[in-house]
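Two complexes follow with subunit A in common, the first pairing it with subunit B and the second with subunit C.
Here is the complex of A and B:
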């Protein structure tokens, strides 16, 4: 990357901007080591009691595992559905293709609260409320548009001559797809998977409508927790969530470089 | 061409046409390519040369017509069964495979045993002098090296036809010259039938046995490089293949050709009417002293020094003729304003009905 000389006033502005954006996030870390009973900054003394409390909270732990397995299943399903769908959208010509693509990606634009209500009404009649299947379906509505978008962009920038070359070399269409198209799509797939995972893991609004005492996700549990009491346990949970997010992003970075996966 | 027996026909296009809705991109194309020869499709962009090549490969479907290889109709055959080796302008190497696996891909698809595939891929890479780079990824190679890998990948499957789609246009000038020689040598060694799409007349003339000059989806002329250059069938061919001077002239009912107020001689028999007269700049002598079929007086109006060539613009009765001459030391150079006598032979006066583009 090219290195530009930045003037001092510009550097200060950029620094302040970052502080403004990141301060609330960074604040979570000192708060999570608070020894106080309530959320207060700065804490009057330090301790790791809220981390212990968090790991002793079976409800939180259960919600965490629910969220993790939910996000994993949703991610895998999103990719498995979105890769062929994006291929069809970018490689085949048919009437109504653009319309179809817009319908598939429309949930990105809809207010999630509306989506949540709609899903609640539909799922209630199918007995899908407060079930794992119900959560998977609901999250797919949100993650699929992301996956489709990212993969469609990757596919449309891919050099089609590679697929054509494989065809002329004797590869049947399905072989071309698995031996050439999908491997070349790997950066896009990793990016889409990371996005789906984080979106699903983080989803609150729609999930709120679908969870109950039987099954709940970590963000919803945190929301409920804060609703009832304001102690630094949520700060400890948030700090761990931030680290998890960073972990996912670092995996992407290791796999192919952030720039390559997301910006293309 | 000195040939003991007429080589057999290998590839044949019969009435190939392409239409998009009401637009006839290619009206109807008939072509015949002999076994072992390299044919260039030459023309400006949009002339249908690449479309025709892709139709042969099966990547595009013709709206009508038939493609035959060795007498067998392959029009309906899917791409992967056509047995064509294609080299793309963008190289189209698989970025996730190393060079050796790129080259072996076509063999794998043909279910060649792994060990044999490896040996043959290695040989193919040696053939293009890239054996030492077998384990590199394509992006670690230069453009010229990538194109040689693409060539090895296309040739290793011993295809029935080698198709080259502007393979040199992404390379710089010097590399292009080297690759020209190398591609031609490989094609001749393997005796493979090849079709070479290009918009560059130098590539077409220097590499290929025969040249198809195309325009607007139609064949303007199909002949050897010499025929196309020396006896262009149309004014378009004359203009596209090499540089020309264009003069407006007329042919009288007695068959006399006049232009710029002077009588000119051509080797062709002429129909009366308005004509365009084309003369190649380097076929004109600047200071004609002997008996030439065509002699025109003029004055030098500008001089452009190109290095190996000097271009003189010579003003003659109402028009301008460009003359090219190799630079030389045995004669003092001409200056702007000098009077000259241009001379050229009757064979170099190319005459076409007026109005042709």
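Here is the complex of A and C:
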């Protein structure tokens, strides 16, 4: 391995590229404490006025609660629907199984701008635009493939000896599923849930097509805000969002290791 | 059917099938109603006739397609989108490769830490990251101030394609790095070591050993980033300030502002055709590599 001692020029290049990669995420923290009226860096003085402004912005707060409840409902539904589906995909043998799996994960291949428009047109005739049900349904279309993939990987790498032992000892299939398979699947469920939560909470393109003045999510409100004006308010919101994301990542890291969950 | 007593084996298989159908029903319904039906409907809409002001007629006409292919504005739009996406993809590759190679060689908790750093931006909303870039590249931002401080003329980096280019490249980096790392599995350190001990210079080792072995990862990363660049919407919309016209922003404008759903559908199908072409190019490259 000695030959792989990275040379100093290479280390400096890698360091600079990391700075480039992380710059926009890191910058919002100091910027959120700006005292300026406009977007200026470095700020001429520091204050917490933009945090106060954020918490006084009823539209943002309402959008935050919408996003939070939407992501929570979508996460629970995704797990409830994807766990049995992943179980069928990994434990039962039937014709066309691989084809079905590909169809179920196909929404991930479609650009969100196309999927958003496609769902908009169909939902318009169902009367689902700007409704909570419509948003839940549309988010499920994108979160279910993630959940299915993560859970199927977890289930297929699971040791089946315990399941078989339980079965030979006379446990009914449902008992085996709830007492053996699901508990062993817990880390996969946590990872899938975290991923679904983040995907739903951050989803903006599809949601942009389906929201209106009646109902809106936080990313959509932030998008509209940035589109109309640029001041440090969004920096305060971004800083809080990044902390929330870090919290969720930490849960996943504890549960199964980030590498395993995402680098598949 | 299930009430009829049958031979044990077929009966057992039938129950499995029944169970499979029952358990897959929810996901299948959501997939059918939220994905397959909307996409087929979208393809159908691209042949509808639009009326000025938002209405449309359900007929079958090639009008949208013919109009699209004969309008210089749209031809330029498609050409620009593809060309800019290709340029962004190549830039992303160049800035991601050193990080991926470094990560591939790192080990232990250092590697885990850096991998988390690479993945974290991926889990941060595109709106937040685009906003970060607006703050960096704005006229009062650190980059322009630094350039002014050195005494150079202040460049305009916002509300034009330059800003979109810089921002989008960074936003796509994590995808490229992860794809490259997945492809680096073939890169055995002993092969490199052999090249070096046999007297190859670092540059020669790179072009003759490392690069060829990592080409599959490069191809995958480029496919992924190109596809994401062509369909990117948030960054061009927010950083372009209405002056950068790309396929994805035009789809949104036609759908929401102009309310011309048939034309928006036609543009969407066009994006899918570009995707198909990218996929075809990718498999052609892979075939040549084998």
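Note that the second predicted complex is superposed on the first by the 236 of 264 C-alpha atoms of A that agree within 3 Å, B and C clash if a C-alpha of one lies under 4 Å from a C-alpha of the other, contacts with A are read in each partner's own complex, and residues count from 1 in each chain.
Keep this in mind: a contact is a pair of C-beta atoms (placed from the backbone, for glycine too) under 8 Å apart; a residue touches a chain by one contact, two chains touch by 3 or more.
Note that this is a predicted model, so its numbers are computed, not measured.
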Room on subunit A for both subunit B and subunit C (clash or fit): fit
First, second, both or neither for A:59, with subunit B first and subunit C second: neither
Which of subunit B and subunit C A:133 touches, first, second, both or neither: neither
Touching partner for A:162 - first (subunit B), second (subunit C), both, neither: first
Touched partner set for A:183, first subunit B, second subunit C, both or neither: first
Partner chain in contact with A:115 - subunit B first, subunit C second, else both or neither: second
First (subunit B), second (subunit C), both or neither touched by A:175: first
More subunit A residues in contact - subunit B or subunit C: C
Smallest distance from any CA atom of subunit C to any CA atom of subunit B, in Å, after fitting: 6
Contacting residues of subunit A [partner subunit C, same complex]: 1, 3-4, 6, 10-11, 13-14, 17-18, 20-25, 27-28, 31, 38-42, 81-82, 84-85, 87-88, 92, 94, 100, 103-104, 106-107, 110-115, 117-122, 137-138, 140-141, 144, 148, 198, 202, 204-205, 208-209, 219, 222-223, 226-227, 230, 234-235, 238, 241-242, 245-246, 248-249, 253, 258-259, 262-263
Contact footprint of subunit B on subunit A as seen in their complex: 159, 161-162, 164-173, 175, 179-180, 183-184, 186
Subunit A-facing residues of subunit B, complex: 57-59, 79-86, 88-96, 105-106, 109-110, 150, 153-154, 157, 163
Contact set on subunit C toward subunit A in their complex: 16-17, 19-20, 23-24, 26-28, 30-31, 33-39, 41-42, 45, 95-96, 98-99, 102, 105, 112, 114-136, 138, 140-142, 145, 167, 170, 173-174, 178, 181-182, 189, 192-193, 196, 227-228, 230-231, 233-234, 237-238, 248, 251-252, 255-256, 261, 264-265, 268, 271-272, 275
